[in-house]
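So, here come the structures, one by one.
First chain A sits with chain B, and in the next complex the same chain sits with chain C.
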Partner chain A sequence: MSNKLYAPIILLLVLAFLIGPFIIIIAASLSAGETLSFPPQGLSLRWVIKVFEVESFRASFGISMFLAIGGTIAALILGIPASYALSRYKVPGAETIRTIVSSPIIVPGIIVGLALLRYFVVPFNFGILFALFLAHTALILPYAVRVVSASLTNLRSDIEEAAVLLGCSRVGAFFRVVMPNIRGGILAAFILGFVTSFNQVPVSLFLSGPGVRTLPIDMLSYMEITYDPSVAALSALLAFMSLGIVFLAERFLGFSRYV
Partner chain B sequence: MSDSRFLSLEKLTLSYGKNVAVPEMDLDIAKGELVALLGPSGCGKTTTMRAIAGLMEPASGAIVLDGANITRVPANKRPVGLVFQSYALFPHLNVYENVAFGLKLMGVKGKDLETRVNDGLKTVGLSQYATRKPAELSGGQQQRVSLARSMVMEPKVLLLDEPLSNLDARLRLEMRTELQRVQKESGVTMIFVTHDQVEALAMADRIIVMLDGHIEQIGTPEDIYNNPASDFVADFVGFENVFERVGDTIKTANGDVAISGDIDDATKGLAWRPSMVTLGEGPYEGTVRGTSFAGGTREYLLDTPLGQIKAECDAALPAHDFGAVLKFDLPVAKAAQLARTGSL
Partner chain C sequence: MFQNRAEAFALVLPAAIFAGAIFLVPVVILLSEGFRSGDSWTIQAYIDFFAQPLNQAVFLRTLKLAAMVTAASAVIGYAAAFAIVNLPPKGKGRITGLVVLPLMISPVARTYAWIVILGRTGIVNEALVAVGLSDEPIRFLFTETAVFIGLLQLFLPLMIISLISALENMPRDAVPAARVLGANWLQVFTKVILPLTKEGLVIGGTLVFTGSMTAYITPAILGGSKVLMLETLLYQRVTMANDFVSASVIALILIVMAFAANLLLKRLATARNKR
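Showing the complex of A and B:
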C-alpha cells in the first residue's frame, strides 16, 4: 500500500481516538436508563437536569470556578512581572529560575499535592481552601510564565525606550506600551491556566476536606457511591464549556498563535 | 550660553561596566544646526546619542542643553527627541495615536491635540494614513511616522540613529531631502548618525567624524572632503592613496621615497584621491593589476615600488590592459596635507 492510502487511515484513527470518548460520554449522558452505560438505553435529558439538582456539584463547581479564576489571576500577577524581568533584564541565573518556575509541569501533580499537605497544611494549619488556592496558583504559574514570555520575546524592547523619551515613566511605559501588546498572550495564558486548574485532579486529591472539594474530586467520590449517568452528563457539560471558551478565544484572538 | 554652544558635551565619558566606549568627549553644537555623526561600526555613535537622550547614564562629564545642565535629568523629562533605527513604533496604536502619544502625556488635548498631530502628519506627508497600524506601512512610511512622533513634541534637539540605513537606495535619496526639508522648515537642532560618508556630505551643515570613541575631525562637508585632518578621515572620504611623511620623504611599503614640493612643516601625511594621480607620465612606474569601469571614469589598481596605488582616468581614453606598465606621478601640489597620521 502507498503512503497516500495510509495517511487518511491514520488520520481517521487519531480522530476516532480523540473524539471517540467524547461522543461516548455525550451518548451515555443522554441515556434514559438508571446506570452509566453505552450504548444508551433510550433517550432523555433527565440526567442532564439531575446534574443541576445535586447540591454538592453546585458547591464544588463554585469552588473549582473560584480556584480556576482566582488561581489564574494570582499566577498572572506573579507571572507577568517575572516574565518581564526574565526577558528584559540580565537576571543572574535566569535559566535556573525558568527551570524552577516550570517545575510543577515536570513534577507529577500527586507529589505536589502530597508535599503541600504534608509540609504546609498540616504543620501550619492552613485552611484547605487556602492550600488549594496556593496549589492551583503554583500549578498555573509555569503556563503563565511560558506563554507571557513567548509574547514578550516577540515584542521589541525599544518601544519602551521610545515611550520613555515621549514622557512616560518606566512603569508607565510598561502599562502603556508593553501590556497592550502582550494582551493576546495574557488571555491565552488565562485560558490555559483556567482549563488546567479546572481539570486538575492529582493535586486536589490530597487537598479536600469537609465541604471543600473541587468539582473533579467531587465527581470521583460521587461515582464511588452512585453509578448513574449524571456524571457523564456533567462531564459532557464541562467539555462543552471548555470547548466554548477555546472557540471564543480562537475566534476573537487567534488563540492558537500564542500556544 | 551663546547660540554656537546650544548643546555641549563636556568631558563626557560613557562606559559599559569597565569598558569605556567614549572617553572624555568635548563637543559643541549650534542652535538650528544639522549635524552628521559619521564613523565606522562600533565607534560609539549610538552610545553618544543614547547618553544625550538620557537612556544611558554618563560615567562622568556633563551635558548642557540651552544653558541647563541636563546630565542628571531623566530621559522622560529631557527636551530631546530620538528617532530609533528600528523606528520603534507602538504596534497596537495607529499612526494618529502614535503621533499623539507624547502630546497626550504632556496634557495636550482636544482641538489643540488634533491640530498638532495633523500638522505633524502633514509635515511628513502621511495625512491619509492616520488610521493605519504600523504593520500596514512601508519602511519609509514607518520612518516618517517615527519622525513625526518626535517632531510634534518640539524637542530642542532631535537625534536620529541611522535614520536611512533600513531603506532601499531610492527611498534613501528621497528621505535625505525630506529630512533636510523638515529640519530647515522647523529649525530644530538635529544630529543624525550615519556610517555613509556620502550621506553625511550631502545632508549635513557640519560633520563630526568619530573613531574608537573619540572625535577625529569636525568640519563642514567641504572641509572634511577637501582637507581631511588625519589618514583615517582621508581614507574614509575617498583618498585611497595615503602616506606618512617625514621631511622630504614619504614612507612606503618598500622604504622611504623622496618627494619634492611645497609641504607645510606640520604636515604628517600626504593623501591623494585616485583622480589626483597623474597617469601616463611621471617619475614612477606601475603594473596594472586590476581595472574597473565606473561610468565616466576607469579605475586602475597599480603594483608599484610605492606599494599599491589607485589611479583613475577618463573612461573615454583607451583602456590599459592587465599587466601593462604605466608611468604615473603623485603631484604634491594636489595632495591633501594631513595634520595627523597613525589612526589608520
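Showing the complex of A and C:
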C-alpha cells in the first residue's frame, strides 16, 4: 500500500468510529418521531425542549453542577497546599503520601461508592448529598494534585526565595508570587476536575436516594423506562457543553499544555 | 527546598488524611469483609464465589473482553498513531484534538449512541433490511459484540495518545535507517518501533485494560443482564440480594487484576527488549 494513501484512510476510519456516533446522536435528537430512530423522522426541536421540561433532569443537573463545582473547589483547597509542600519541602514519606492521595484513581469507583454507603452513610447517618460531595472531592483530588504539581515543577523556586529574602513573608510570597504564576495550572485542574466529576457514574451509583441523584445516573434510569429521543437530545446537549468548556479553555489558556 | 518539617506536614496532611479517611479506610474495611466469617479469617467466600458457574463465566468474560479490547486498541492505535505523527504539525495538532475530544464527553452519551446505531430500529439494522441482507432485524444489543464495540470506542483514544507520545520520542531516523539496511515492515515494527515505544504501549495498555475491566456504563447499557461483567455483577448482587460478601470478593478481584495487568505488561515489554 502506498504511504500517501495509508494515513488518510486509517485516520478517516478511526475518526468515523470515534466521532461518528455523536453526529448520529445529534441527528437522532432532532427527530420529530415518537421513538428513537435514524435517519430521523422529520425534523423538530421537540425532544430538545422536552429535556428542559423533565423535572428530574432539572433537579439532577443542579446536583451534578453543585458536586462538580463544589467538589473541585474543595479538592483544590486540599490539593494546592499538598502539591506545594510536595514540590518545595523535604517531606518525610513523600512517596507514601503521593500514593495515598492518588489512590482514588486506582480503586474502581463502584467500590468506593459502596464502601462509603456502607461505612459512612448507613452507620453515621450521613446525608447522601454530603457523602456524594466527599466522594467527588476525593475523586478529583488526584487530578488536582497532579496538574498543580506539574505547574509548580515548571516554576523556578528561586523567585519565591528572592521574595522572602526581600522581606516578604512565606505566606505572602505564596499568594503574591507563586499563585499568580500557577493560575493557568489551577484553572486547568479546575476544568479537568469539573469534567471528571460531572461525567462520573460508578462512584455515584450506590450513592443515590430519593430526590438525590446525579444527572448521568438519572439518564441511566430514564433510559430503562422510556425509549424516546430525549436522552439522545440530552446527550447531545451535554456533549456540546463539554466541548464548549474545553474549547474556551484551549482558546484562553492553552488547556492541553497542562493535561 | 525548605526544610521545615512542621510546615510541610501542616500543608500536606489535610489532603492525605482526607483521602485516607474517605477512601482507603472504607475500601480496606470493605475488602476485609470478604475474608471474615464471624470472628475468624477465611478464604471461604472466594472458594464459594468461584464455585458458581455464573460467577466463573462472568469472571472469564470480563478478562476476555478486556484483553480483546486492549489487543484491538493496540493494533488500531499503532496504525492511527503512526499516521498521526507523520502528519504536518498543524494537521497533527488538529487530528490529535479530534481523537482526544470524545474523552471529555459523558460516557453515558457516548455509549447511548450505540443504541441508536445497533438497536432494533438502528442504522445497521435498517440498512441490512433495506439492502435485503436480512429479513428481520438482527439482535446486536445485549451481546458481547456490542459491549466490545462500546468499550473499544470508549478507550481507544487513551491508547492512541499514549502511542503518539511514545512515537514522537522515538529517534526520527530509526525507521528510515532500518529500511535502508534492508528490514521489511514487519521487522521494522517488531525490531525497531515496538522496543522503542514499549513504554507508551504499557501505559496505554494498562489504561485500556483496567478501564475495560472496571467499566460499568458500557456493559450496563449495551450488555444488560445477558452480558454481565464483574462491575454489573457486583451491582446486581448488592441491589438484588444485599450480598456484600460477593461485592467484597469482586472488589478485590478487580483491584488485583488491575495491578496484575500493569505488572504483566511491564514484564512483556522488558522481555521483548532483551532479545
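By our rule, the second predicted complex is superposed on the first by the 257 of 259 C-alpha atoms of A that agree within 3 Å, B and C clash if a C-alpha of one lies under 4 Å from a C-alpha of the other, contacts with A are read in each partner's own complex, and residues count from 1 in each chain.
As a working rule, a residue touches a chain if its C-beta (ideal position, glycine included) is under 8 Å from a C-beta of that chain, and two chains touch if they have at least 3 such contacts.
Predicted model only: the values in this text are computed from it and were never measured.
Undergrad: Looking at the overlay on chain A, is there a clash between chain B and chain C, or do the two fit?
TA: fit
Undergrad: Given the touch rule stated above, what does A:Arg118 touch, chain B (first), chain C (second), both, or neither?
TA: second
Undergrad: May I ask you to decide whether A:Leu129 touches chain B, chain C, both, or neither, giving the answer as first, second, both or neither?
TA: A:Leu129: touches no partner chain.
Undergrad: A:Ile73 contacts which: chain B (first), chain C (second), both, neither?
TA: After superposition on chain A, A:Ile73 lies in contact with neither partner.
Undergrad: Name the contact category of A:Ala28: first (chain B only), second (chain C only), both, or neither.
TA: So A:Ala28 only meets chain C here.
Undergrad: Draw lines from the C-alpha centre of chain A to the C-alpha centres of chain B and chain C: what angle do they form, to the nearest 10°?
TA: If I round to tens, I get 100 degrees.
Undergrad: According to the stated criteria, A:Val48 is in contact with first (chain B), second (chain C), both, or neither; which is it?
TA: Touch partners of A:Val48: none, neither chain B nor chain C.
Undergrad: Comparing chain B against chain C, which has contacts with more of the residues in chain A?
TA: C
Undergrad: One more residue to check, A:Leu187. First (chain B), second (chain C), both or neither?
TA: neither
Undergrad: Could you tell me how near the closest CA atoms of chain B and chain C get once both structures are overlaid on the shared chain, in Å?
TA: Nearest C-alpha pair, chain B versus chain C: 10 Å apart.
Undergrad: Which bits of chain B are touching chain A when the two form their complex?
TA: 53-55, 75-78, 80-82, 84, 86, 88-92, 101-102, 105-106, 149-150, 153
Undergrad: In their shared complex, at which residues does chain C touch chain A?
TA: 1-5, 7-9, 11-12, 14-16, 18-20, 22-27, 29-30, 76, 79-80, 83-84, 86-87, 95, 97-102, 104-110, 112-117, 119, 121-123, 126, 153, 156-157, 160, 214, 216-217, 220-221, 231, 234-235, 238, 244, 247, 251, 254-255, 258
Undergrad: Which positions of chain A touch chain C when the two form their complex?
TA: 6-8, 10-11, 14-15, 17-19, 21-22, 24-25, 28, 35-38, 78-79, 81-82, 84-86, 88-92, 97, 100-101, 103-104, 106-112, 114-116, 118-120, 134-135, 137-138, 141, 145, 157, 170, 195, 198-199, 201-202, 205-206, 216, 219-220, 223, 231-232, 234-236, 238-239, 242-243, 245-246, 250, 256
Undergrad: Sort out for me which residues of chain A touch chain B in the complex.
TA: 155-156, 158-159, 161-169, 172, 177, 180-181, 183
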